[in-house]
Structures are given as C-alpha cells and as structure tokens.
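Working notes for the structure below.
A, B and C label the chains in the order they appear, each numbered from 1.
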Amino acid sequence: MKTRTLIAATGLAMAMALGAGLVVAGSQEKMKVAYHLSEEGKVGFVLNNIRNHLKGVGGAENVEIILVVHGPALKAFHDLQAQPGVLDRMQALLKSGVAFNACGNTMRAQGVETDDLLDGFVRVDQGGVVRLAELQSEGYVYLRP
Amino acid sequence: MKTRTLIAATGLAMAMALGAGLVVAGSQEKMKVAYHLSEEGKVGFVLNNIRNHLKGVGGAENVEIILVVHGPALKAFHDLQAQPGVLDRMQALLKSGVAFNACGNTMRAQGVETDDLLDGFVRVDQGGVVRLAELQSEGYVYLRP
Amino acid sequence: MKTRTLIAATGLAMAMALGAGLVVAGSQEKMKVAYHLSEEGKVGFVLNNIRNHLKGVGGAENVEIILVVHGPALKAFHDLQAQPGVLDRMQALLKSGVAFNACGNTMRAQGVETDDLLDGFVRVDQGGVVRLAELQSEGYVYLRP
C-alpha cells in the first residue's frame, strides 16, 4: 500500500512536472508577433521593420509574424494603386511566412474586396482592432511602430 | 487504505483540474482592452475603432474597453471646443459601457478640470501612461491605433 | 499508511501552494515598462511621458523603464544635432535609472556609431523591434505614446 501511495504520488508529481514542463516549453516556443499598421505614411517603414525583425531573430523559422492593416494604410495595398516598392516588399515577406490581415470594416469603407488588394491578404471580418486584441490574448506580443 | 490513497489522489487530481479549470475560465472571461489615444488628429479614428470593436465582438457584453486619453488629443474633449461628432460618438460609447480616462498631468498642463471635459471622463491622477501600464498588468490588452 | 498518504498528499499540496505563491510574488514585482519611440516629432513628448511615469509611480524605485529608439526618432539623439532640451531630459532620466536602447539597424542606416549618440545609449544589434518583442516576452508592458 505504501507502494501504491508512492505510485499515486509519483503519478501526480509527474503530472505536475509535465504541466510545468509544458509551461517552460511554451515560453521557449517560436516568438509570435502582431504588427499593427494604420497610418498610410508608415507603410514602407513597417514593412522594413518586419524585414529587419525576421533578420534580427535569425530567420522566419524563429518567429511567427502577422501584420494587421486597417484604416488609411490599407489604401497603399490596393491592387490598382500600390507602388512597386510595396508590392516587392510584401511578396518577399509572404515568402518568409509573414501573414497579412486586412480589416473587413476598412475594406467596406474603402469599397474593396479581397481581390482588389495585393495578393496574400486574408480579410478579417471581425475587424482589425478585434483581430489585434485576439492575437494578443493568444500570446502574440504587440508592435505598433 | 488503497481506497484512502485513491481518495487523496483523487482530491489532488480534482484540485489540479480545478486549477486548470480556473485558467481556462480566465481565458474565456470578457476580453479587456485598453485603448491609447494621444494624437489630436486620431480622435475620430480611435472613437470609430472602438465602435467597430464593440460591433466586431458582438456587443458590449463581450468586451470591457477603457480609453485613456493624454497629450494633445485631450483638447478635442474640452467641453468648449469639442466638435459635435466627438460628443455624439463619445456619448454612444459611454452608453455601451466604454470608460474614458483623462490623464491628470495633461489636464494640469492644459489648465482644465474634469468639469471642463465632456461628461463621462474619469481623471487619472497617476497619469495616462501609468494608467495604461497598470491596465496591462491587470490583463488588459493594449491597442494604440 | 493513511499517515504516509497524507504526508505525500500534503507534500504535493505544499508544492502546489508554493507554485501558486511564486506566481503571486511575481505579480508584485517592480513594474517593467518598455517605451517605443520611432517618430522624430514625438521625442520631447515621450521623454516627458517617461518623466511623468516615474513621478506617477512614486519614483524610480517602483518601476524599471527601457526606452527603445529606432527609425527617424534616433536622429534627435545624434550627438551633433541633439537639442539642449533632449540632452537635459535624457540625462535626468538616466539618473533615474531609465535605460536607452538604440536600434542597430537604424544606426547603420543613419551612419552613426554609439559614440555618435548622446551618452547613455546601448546599441541593440538584434534591432529595435526585436528588442521590443523580447522585452514584452520578458514581462515588460508596452507603451507607444
């Protein structure tokens, strides 16, 4: 019975250690970062920031980045008016695994559908700000350059 | 005794499950969001963002939002110079349960008392930035559009 | 054996309480705050925000603040062109224990070395945005006035 008690205790201790282990492992997971972009004048800057972020952590395998675009900044990603520099940089970031989210409210206000944006955007119907709050609650750190 | 051991083990397992349950319940709590507004040119944009936030989560019952205003943006909420659009939108947000905090340092610098601001502001004497740090440490996610 | 079971159970309960205690102790630690500054026009404002932050929490002993500067804002801290107001305020904040981090990517782009910046900067080679993400993952709350 002493044995049984020890087994039970050991089982619990193992469960606890496992739990603790998961927490520790969690903190060593790939860093997750949500970038917030709303100002049209910041588009190039933020795309460069993300490129530098990837470089600074040693590559896309060490970070998971989602850029959420809403407000005036989304105009810079309209298919018809996007400048070559934006297109090139966005394509490079997509290749590195960066995800691009477009605010559904902004898209409606600007009269565009996903097809009217540069390729690679996912529309977030709940809205850009809700998306950014959700990402933070899922463990993403927040950067708003 | 085997039974007693099992009871003890079960008790502990339940305590652990309960602990885990609390964590899960915590993550299912009402989302708490602190909005940060300092730029005068962003006032209308941020008030719209918050309106969209409420809509995007399905209403005020699903989110707790506090807007902290400091710096030049607070001028747009001075009673005597607030534009109708600001007043209307603020009143609608107040009705939806959004809280408005005004930075005490900014109020002193701008020479206004709470009575000089649109109705509904709470003065935060520790200052807007300290308030925003406190809110984050209390589990609010941070949005600075 | 009942006794042994209780001892084992008590040991586990203590371990669990201890774990909970560590979490509580952690939440009572000195608040840690990472300030983000990228806009040249915001330099004076952010330095004032930090001064107010220190005052609002009752002094440097109650908070640990790191200011990360990248992008155009760093120009305001170049030794040769810094305005007296920036120099004075930075020196006062340094005396209060505020740490100043300069983005290595920005320094390269602006052609400056640490010696070319006002005294007190630490160069962060991983880049300002990576630094800000790291700080958040280390428990710093994020403020971007």
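Keep this in mind: contacts are C-beta pairs under 8 Å (C-beta built on N, C-alpha and C of every residue); 3 or more make two chains touch, one makes a residue touch a chain.
A quick note: this is a predicted structure, and the numbers were derived from the prediction, not measured.
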| item | value |
| --- | --- |
| Interface numbering overlap (same over half, different under half) for chain B and chain C | different |
| Copies chain A and chain B - rotation angle from C-alpha fit, nearest 5 degrees | 120 |
| Inter-chain centre distance, chain B versus chain C - centres from mean C-alpha coordinates, in Å | 22 |
| Chain C residues counted as touching two or more neighbouring chains | 1, 5, 8-9, 12, 16, 142, 144 |
| Chain B to chain A touching residues, read off their complex | 1-2, 5-6, 8-9, 12-13, 16, 27, 31, 33, 45, 49-50, 52-53, 55-57, 63, 141-145 |
| Of all residues in chain C, those that touch chain A in their complex | 1, 4-5, 8-9, 11-12, 15-16, 19, 36, 38, 70-71, 105, 126-127, 129-130, 132-134, 136-137, 142, 144 |
